[in-house]
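Let me begin by handing over the structure; questions about it come next.
Going by the order they are written in, the chains are A, B and C; count residues from 1 in each one.
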Amino acid sequence: MAENKEKTTIVLFSGELDKAIAAFIIANGAAAYDHEVTIFFTFWGLNALRKDDQVFVKKGFLEKMFAKMMPRGANKLGLSKMNFGGIGPQMIKHVMKKHNALSLPQLIELAQEQGVKLVACTMTMDLLGLQKEELLDGIEYAGVAAYLGDATDAKVNLFI
Amino acid sequence: MAENKEKTTIVLFSGELDKAIAAFIIANGAAAYDHEVTIFFTFWGLNALRKDDQVFVKKGFLEKMFAKMMPRGANKLGLSKMNFGGIGPQMIKHVMKKHNALSLPQLIELAQEQGVKLVACTMTMDLLGLQKEELLDGIEYAGVAAYLGDATDAKVNLFI
Amino acid sequence: MAENKEKTTIVLFSGELDKAIAAFIIANGAAAYDHEVTIFFTFWGLNALRKDDQVFVKKGFLEKMFAKMMPRGANKLGLSKMNFGGIGPQMIKHVMKKHNALSLPQLIELAQEQGVKLVACTMTMDLLGLQKEELLDGIEYAGVAAYLGDATDAKVNLFI
């Protein structure tokens, strides 16, 4: 990778559909403008990376509880506003389809195709009991040091 | 505009009074220090730009529902914390008045006077069914590409 | 302080345990990499700086109500997700202990030891009726101008 590429980093901390969509629209936009883009998924943001299907891995009691209570994958996230027990996300998905906007799973796929680096924060994976087998293929694993290395070189750094 | 001005961009994604106040205080501060400042309003942040009065425009069913459920303008936003069904915002407005702090509508006016560029995200306007007639006068309309163009040149980029 | 140190600033607006932990992990990481780091505490973020014990200071009625309703100190913050009336924070604290992760009060102490500048926003202190006696020792007090001064020189600027 050339040294003179613009860099963009996003920390996706939030586990909500609307915020994840915003993060991926900015990331895909930046990648289309030839930025080197990294999204760091931490805390609830990790839920956007979970596979749709349940993956059977050994877990302790609290880890099982977290796994159960947290949404499994991009299709199951709620909204930060007007969630209304899941009706809000359906409304948003409906209007997005109507306007031919990409869905969150499609945005994630496009990001991977465009070479956006998706990095899961290993420290919060440990805390929430999430294991690599449960997350999407083709992502990377790192901690805060790697994030800071990328962010220090980047022009645009966002925390979402 | 001179090329050597510092630039600041803020994405206002959140539709809450407290976050909008924080965004405008930073934006007005940066403008006072002669930064070139842009606020991009996307998703729920667009509600801060809605006119107080209802504007009659043709809308589909879901767009009507969104329009009804979302707060109409800077005066009607709730708080991200301690909203208490609208009592929290009244308390905040009361203490702001008591301390002679500018209200959100006044902060928006000041921003426009200082030349802060207020940009509504056209993609999320489409999704939420908001039309130009419903938003404040004197604002601009653009997409993620324009945002990235500004952010890449800016020193301070925040997502609120 | 040398002029050529990298700089990092974080605005901590949110008053939630998980977001405060994320802010301090990034801040401590950046300080470990020899960045000059500043965290600006504004609005609900100020609650992370409150002393555990009640401090008796003269307050008006609304200020007393704010003081009562807001969490007093780093140990009493809730979660942005899955708070479940306080069970969520206990779960997170439990798994953090189990994984030998530093608690929020320990992260704050480490930040102060590493020379991270903790700055309370005086304008929002006024609004929420918080007084210096109620906040941790060794912190600084400033407004948006000081924040912008630091942020303009920094490579990494986050709003949390």
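The rule is simple: a residue touches a chain if its C-beta (ideal position, glycine included) is under 8 Å from a C-beta of that chain, and two chains touch if they have at least 3 such contacts.
Composition by chain, UniProt nomenclature: A, B, C = Peroxiredoxin family protein.
Bear in mind the structure is a predicted one, so any value in this text is a computation, not a measurement.
*Asks:* Chain A and chain C share one sequence, so how far apart are they rotationally when you fit their Cα atoms? Give it in degrees, rounded to a multiple of 5.
*Replies:* So the copies are related by a turn of 120 degrees.
*Asks:* Answer with same or different: of all residue numbers used at the interface between chain A and chain B, are over half used by both copies?
*Replies:* Shared-number fraction below one half, so different.
*Asks:* So, what's the distance in Å between the C-alpha centres of chain B and chain A?
*Replies:* Using C-alpha averages as centres, the distance is 25 Å.
*Asks:* By residue number and range, which residues of chain C touch two or more other chains?
*Replies:* Residues 157-159 of chain C each touch two or more of the other chains.
*Asks:* Hey, which residues of chain B end up touching chain A in the complex?
*Replies:* The contact residues of chain B facing chain A are 11, 13-15, 42-44, 62-63, 65-66, 69-70, 123, 126-129, 144-145, 147-148, 151-152, 154, 157-159.
*Asks:* Quick check on the complex: what are the chain B residues that touch chain C?
*Replies:* 6, 8, 18-19, 22, 25-26, 29-30, 33, 35, 80-82, 91-92, 94-96, 99, 101, 155-160
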